[in-house]
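Scrolling down, you'll hit the structures one after another.
First subunit A sits with subunit B, and in the next complex the same chain sits with subunit C.
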Partner chain A sequence: MLAVSSQLAYFVSLMLFSIGAVGSLIVMKRNTLANIWGNTFAVFGSIVGLVSAVAVLFGSGFSFSFETSLPFLSLSVHVDKLSAFFIFVISLIAAVASVYGIGYVKQYYGKYNIGALGFFYNAFIAGMIMVVSAQHALFFLVVWEIMSLASYFLVIFENNESSHVRAGTLYFVMTHIGTAFITLAFLLLYSATGSFDFAMIKENSAGITPFMKDAIFILALIGFGTKAGIIPLHIWLPSAHPAAPTHISALMSGVMIKTGIYMFIRLFVEVLPNTPLWWGIVVLIIGAVSSLLGVLYAITEHDIKKLLAYHSIENIGIILLGLGSSLIFLAFDMKSLATLGLVASLFHIFNHATFKALLFLAAGSVISKTHTRNMEDYGGLIKLMPQTALFFLIGAMAISALPPFNGFFSEWMTFQSLFAGIRSADTSVQWAFILAAGSLAFTGGLAAACFVKTFGIIFLARPRSEHAKSAHESSVTLRFGMAVLALLTLAIGLSAGPIAVTLSKVAGDLNAFAGQPPAFAADWSAITLVDNFASVSGLLIFAMLTAFIFIVFFAVSIFTKNRKVHIGRTWDCGTNLDSRMEITATGFSRSLINIFRGVLKPTKQVTIEYRDEHMRYFHVTKTVEFGIRDIYQNYFYELIQLLVAKISEQMRRMQSGNVNVYVAYIIVALITLLVIMK
Partner chain B sequence: MDILSPQLLYFLETILFATVLSMHLVKKNFVIISLYSLQSFIISILLFSATLREASLLLLGVAVATFFIKVIVAPYFFFRLIKKIRLHFLVSTYLNGPLILIVLALLTTFSHSQYFKPLTILAPGNENALLLTVGMIFISVFLIINRKGALSQMVGVLSLENAIVSFAFLAGLEQAPGPQLGIIFEIALWVVIATVFASMIYQQFGSLNVAAMVELKED
Partner chain C sequence: MIITLWIIQLTLIPAFSPLFLGIVRKIKAKFQNRTGASIFQPYRDIGKLFRKDEVISEDASWIFRFAPYLIFAVTISIGGSIPLFTTTFADTLFNDWLVVVYLLAFSTFFLALAGMDAGSAFGGFGSSREMTLAALTEGGLLFSVLVLAFLAHSTNLFTIADTLSSLPLFSFAPVLFAFAAFLIALLAETGRFPFDNPSTHLELTMIHEAMVLEYSGKRLALLEWSAANKFLIFLSLGANIFFPWGIAFTTDLADIFLALILFFAKVGILCLFVAVLESSIAKLRFFRLPDLLFTSFILSIIAIGLIL
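On to the complex of A and B.
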């Protein structure tokens, strides 16, 4: 009964998204109706999707296949617990983002096509849900493309902004490079197993040679890693995510990039069993590098949405640390510890989706009132937008892994997984775990520093622009979306134990982990490693923090109740206090940039205008521009571009315009084919 | 009644092969057209023998049309073109003489290699003749590739067509008379258009050397 209802809910959910998409186009001439139509159906579709996912998570999965007249293509859907988990995360964030969107999209009325936004928005969510439930490689590619194209059109939605169109183009190119690699990986799987069906591929995986498995791993790592935004394939992410409307940025950053991680798990753990050790080490190293460099680049950013986008790279790195350790443990046949690593990874996927969506929505709330993404133009918004400030603070604490919010618990589990690797793994791979644990520790500290800067620059001190001065609290729908996510970050933190248990069941549903209990025990009171190496209790931490705050509050009240309060002007050497005296985001991050200058390659350009060009004593103006050299652009992509340009130049010579040469090509091609095909 | 014994057929194929080899070696346009004319004459003989074998009037029409178009009309147009633009000598090739001989040897060897052995089942008793026509196909294509003069390339295309007809004849892949007549008609049209076009090219560039026709190319 539960299985039937979950299947029904799944298809009803997709139907609602379809109605939302098509209906938005039909009513596109009426902005309000198109906005309400598109987002309302997205909310309902997401809620029904949640029902479907919960039914599978706590019941059993379902499969559905619809044969088409096209050769090889079968519309096969299979929703197991892993798929259901991802559908749950997608639907949850989509539901909240859609409520937020009803209020947020109003600013585009009369400027852009709201009907088109509703169409692509619904198609995007439906595409993501189908991606994580597709059972057939070709069907997967179709829905992957639906998701990618819909998100591309959402990135370039504000097409009057040339920077958005450029970001969209970069995203389009990178995502299709990724798709090319994915297609190659699927073709190799087909050539080895004779099927595009993931279940059949899994059944026949014994016939795949180790060399071919490794080739598939590399192709899939590049293809899905491009979507996930791992370094150095991330270059599209910091420009594309901020370009989309904010509630869509939340979905892209919080959810869409996780579809790449979903396929990592599906392929590397489920479809291709008997994981070689080096796969895990590679994933672990990529995770360590992505997390550390992601947060370092975030620190240098002053564009609030770009900063959050870089933090997505950081968090993808943290997720990969869990997954990488899980793959390594699987290679050593330590399934209990492998479950711990995978649960840490899944838990962080869930947590990152909630707090990153919360941060994006809060940032969107600020941007909608200040009309800029430059943090240097904010300041003092805590007084003008107190609720947004609170929600942002909660998100900032969660992403900085501060208890009792959810980010802390998934990072704690990731740490435990890495520590277990240091203690239990072969000495030949201990160095990888040590490197990863060090990277994660660094990342946590730097993330906290980054959000001290971000919160301080946005909400504290005095407004630094006219827009910031005139800002006021956002509308109810925006605050509702943020409030739900803020409560969720706390609620997930407090119920970390039961969630970890549920996620261990998700992991246990995969063949690779079946039959072995996880290396931890969890309930409402605590999560404890079975060897008692470590234990953490969300409720206890929450109770202690609450008690501490109350004690401090009462102590301060008691000791200061007779103290007179004198309110006077802040003394500032006799001058008037203004926003120019505040520390800027640039100033705050400069010291950190200097520490990591070897990696970040900071640049400084000083431009001076003199009163007298010959004497050069007195300045009219002096401008200092700080920047960060894009090392991926300079040392990786530009080299590739140069190489491609060289090859293209050589290829161009083939097109000589001489008929003799063309006939020669034909005859050489024919002879070559004849020799090869014999 | 089959008037062509395997020995005679092989002899005729050898002459065909020799004509296409000679096309690479001769210097005068007049000679190359004459060689094409000889080649076409032999093809007409082959088709005429098929007429006698099948006792078909339609096939006789094909043989006569082939003779008329390929042995008389096409050379006539080419001679007229040579006379009109005073193009008596072939000027240049991409490869020099020794290299041409090496490539001809390689192509002949390749056509007699194991890659084409399976084709010989198409012509039992005439295996060597069939492989000569394969070699003739390659050498005709090589004529198109190696010659810079447009006229030589045109002759190369027609020689290639003769080689294919010869191959089809030996392999028993001849078409019905209707399509064969259609092909002959197309060749007639092609020769007329090609010679007119060559004449126009000469007016434009002052040469029929394709290497000199650079102005129509992109930078």
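On to the complex of A and C.
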């Protein structure tokens, strides 16, 4: 009964997204209607999707397939607990983002086509839900493409801004390079097993040679890694995510990049069993590099949405630390610990989705009132937008892993999984775990530094521009969306125990983890490692802190009730206090940039215009420009570009421009293919 | 009996933290050939601040007003969850090392925000410096105690103290490396030489003092007191985690009495060490500090390498 209803809900939710998509195209002439239509159906679709996911998470999965007239392609869907978990996260964030969108989209009325936005928005969400439930490789590629194209059109939605179109093009190119690698991986799987169906591939996976398996691993790592935004394949992410309207940035950063991680888990853990050791080590190292470099680049960034996008790279890194350790444990056949690693990784996927969406929505609320993304133009907004400020602060504390908010608990579990690796793994891989744990420790500290900068510069002190002075609190739908997510970050933190248990069931549903209990025990009171190495309790931390704050507050109030509080000026050193005396985002991050100059390669260019060219004492103007040299651009992409240019040069000889020659090429190619295939 | 122990455990840190600050100042004064203030002067300072009116900047928000209470509450709750004189509380409170580290980060986070809140030029730079150092200290701090956690097979601080006190002496080499790493982190976290000068108000060098520059009255008292608490928390960790001899395993009165005396003696020795260090070295340039902090991290890694 439960299975039938979850399947029904799955269809209804996809149907609602289709109605939302097509309907908003039909009514696109009328802005308000198109907006409400598109977003409302997205909200309903997501809520039904949530129901379907919950039914599978606590019940059993379902699958079905339609054969099509096209060869090979079959529309087959299989929703197990892992898929359901991802559908749950996607639907949850989509529901909140859509409510937020109703208010946020208003600013585009009359400037852009709201109907098209509704169409691509619904297609995007439906695409993501199908991506995490597709069971057939070719069907997967189709829905993967729907998701990628829809998000591409959402990135270039504000097509009057040339920077957005450029970001979109980069995204388009990168995502299709990724898709090319994915296609190759699937073709290799097909040639080795004779099937595009993931279940069939899994059954026949014994026949794949180790060399073939490694090739598939590398291709899939590059293909899905591009979508996930691992370093150095991340270059599209910091420019594409900020370009989209903010509630869509929240979806892209919060959930879309996780579809890449989903396929990592699906392929490396389930479809290709008996993981070789070096896969896990590679994933772990990529995780360590991505988390550390992601947060370092975030510190250098002063565009609020770009900064958040870099933090997505950081958090993908943390997720990969959990997944990588899980893969290594699998290679050593330590299933209990492998479950711990995977649960840490899934938990962080969930947590990152909530707090990153929250931060993006709060940033969008600020941007819609100040009309700039440059942090240096904000300041003092906590007095003008108090609720947005509170929500952003909660998101900032969660992403900085401060207890008792949710980010802490998944990082805690990731740490435990890495510590377990240091304690019990083979000496040959201990160094990788030490490296990973070290990078996670520094990442945590740097993230906190970055969010002190972000929150302080945006919301504290005095406004730094006229825009910031005239800001006021956002409308109720925006605040509602943020409030739900803010409450969630705390609620998830407090109920970390039961959530970890549910996630361990998701892991246990996969064949690779079945049969052994996880290496931790959890309930409402605490999460404890089975070998008693460590334990943590969110409720206790929360209760203690609140109790002590109240006690301190009342004790001090009673003791000092006769003391007065005067309101005065900030100490101004005898000059006139203005906003230029406050620290800037550039100044705040400068010392960290200096310390990490070996990686970040900061640049400084000073331009001085003198009053008298010969007597260089009096400046008319002096401009200092700080920048960061992009090491990927310099050492990685430029080399590829050179190579491609070289090859293209050679290929030119084939291009005569004569149509007959091209027809001849086609015939030769077809005949060759026919001969080979026979 | 157990309730009395609880009260002692919770109040020990806030009650005695100003005293140890006074002791360090007194020793430093002796080194400089001054008589110096009485070792009880910090109590008088805090008391004086509580009895004064307060000026709050018109630019400051609720973060500025709320932060001192939060920071003080965090130091109290950490003070209650680390081994001071008995391991009786091993299974209560949040005694996990990761939780303690991240709670410390919680208080630093709010202190830095409060420093930026009033919009003065000093506060912002203090916050920037503080967060830079805090971020780089995290690795060394976390890993130095982790060495002991691996030795004791637990990150529970009480269990660590328990296990280490029964460890044979010859296995002490990694612990010494870890202690050196911890010591560097201690000096950085509590704002002592060579990281920060606790008695300076020179804008080029101050870190902690720059952040609290706009505070006055009861909130300044709370912040000063919290800083003293944090200092004593780190001294106690250094004394009781790395050298846990004498800590009581039972609730026997004689044991506890002895443990308390030993606790004061060990913390006193660490105080002397910090004071001697501060009197004999100069403050380092800010951009030299990361080298020291990375050294702390590397020392911990070496120690982990030794025990694996």
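Throughout what follows, the second predicted complex is superposed on the first by the 651 of 678 C-alpha atoms of A that agree within 3 Å, B and C clash if a C-alpha of one lies under 4 Å from a C-alpha of the other, contacts with A are read in each partner's own complex, and residues count from 1 in each chain.
Convention: a residue touches a chain if its C-beta (ideal position, glycine included) is under 8 Å from a C-beta of that chain, and two chains touch if they have at least 3 such contacts.
If you're wondering where the values come from, they're calculated on a predicted model, not measured in any experiment.
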item	value
Contacts of A:T570 with subunit B and subunit C, given as first, second, both or neither	second
Partner chain(s) touched by A:V132 [first = subunit B, second = subunit C, both, neither]	neither
Subunit A residues touched - subunit C or subunit B, whichever exceeds	C
Partner chain in contact with A:L674 - subunit B first, subunit C second, else both or neither	first
First (subunit B), second (subunit C), both or neither touched by A:R462	second
Contacts of A:L359 with subunit B and subunit C, given as first, second, both or neither	neither
Touching partner for A:I434 - first (subunit B), second (subunit C), both, neither	second
Touching partner for A:V663 - first (subunit B), second (subunit C), both, neither	first
Touching partner for A:L141 - first (subunit B), second (subunit C), both, neither	neither
Partner chain in contact with A:F559 - subunit B first, subunit C second, else both or neither	second
Residues of subunit A that lie at the interface with subunit B and also at the interface with subunit C	none
For the subunit A and subunit B complex, residues of the former touching the latter	656-661, 663-664, 667, 671, 674-675, 678
Subunit C-facing residues of subunit A, complex	379-380, 382-383, 389, 393, 397, 400-403, 408, 412, 415, 419, 422-423, 427, 430, 434, 437-438, 441-442, 444-446, 448-449, 451-453, 455-457, 459-462, 531-537, 540-541, 544-545, 548-549, 551-553, 556, 559-560, 563-573, 577, 579, 581-583, 587-592, 594-595
Complex contacts: residues of subunit B adjacent to subunit A	94, 110, 115, 138, 141-142, 144-148, 153, 210-211, 214, 216-218
Subunit A partner contacts - residues on subunit C that touch it in the complex	50-63, 69-70, 72-74, 76-77, 93-94, 96-99, 102-103, 105-106, 108-109, 112-113, 116-125, 127-129, 131-132, 134-139, 142-143, 146, 149-150, 153-156, 213-214, 217-218, 222, 286-287, 290, 297, 301, 304, 308
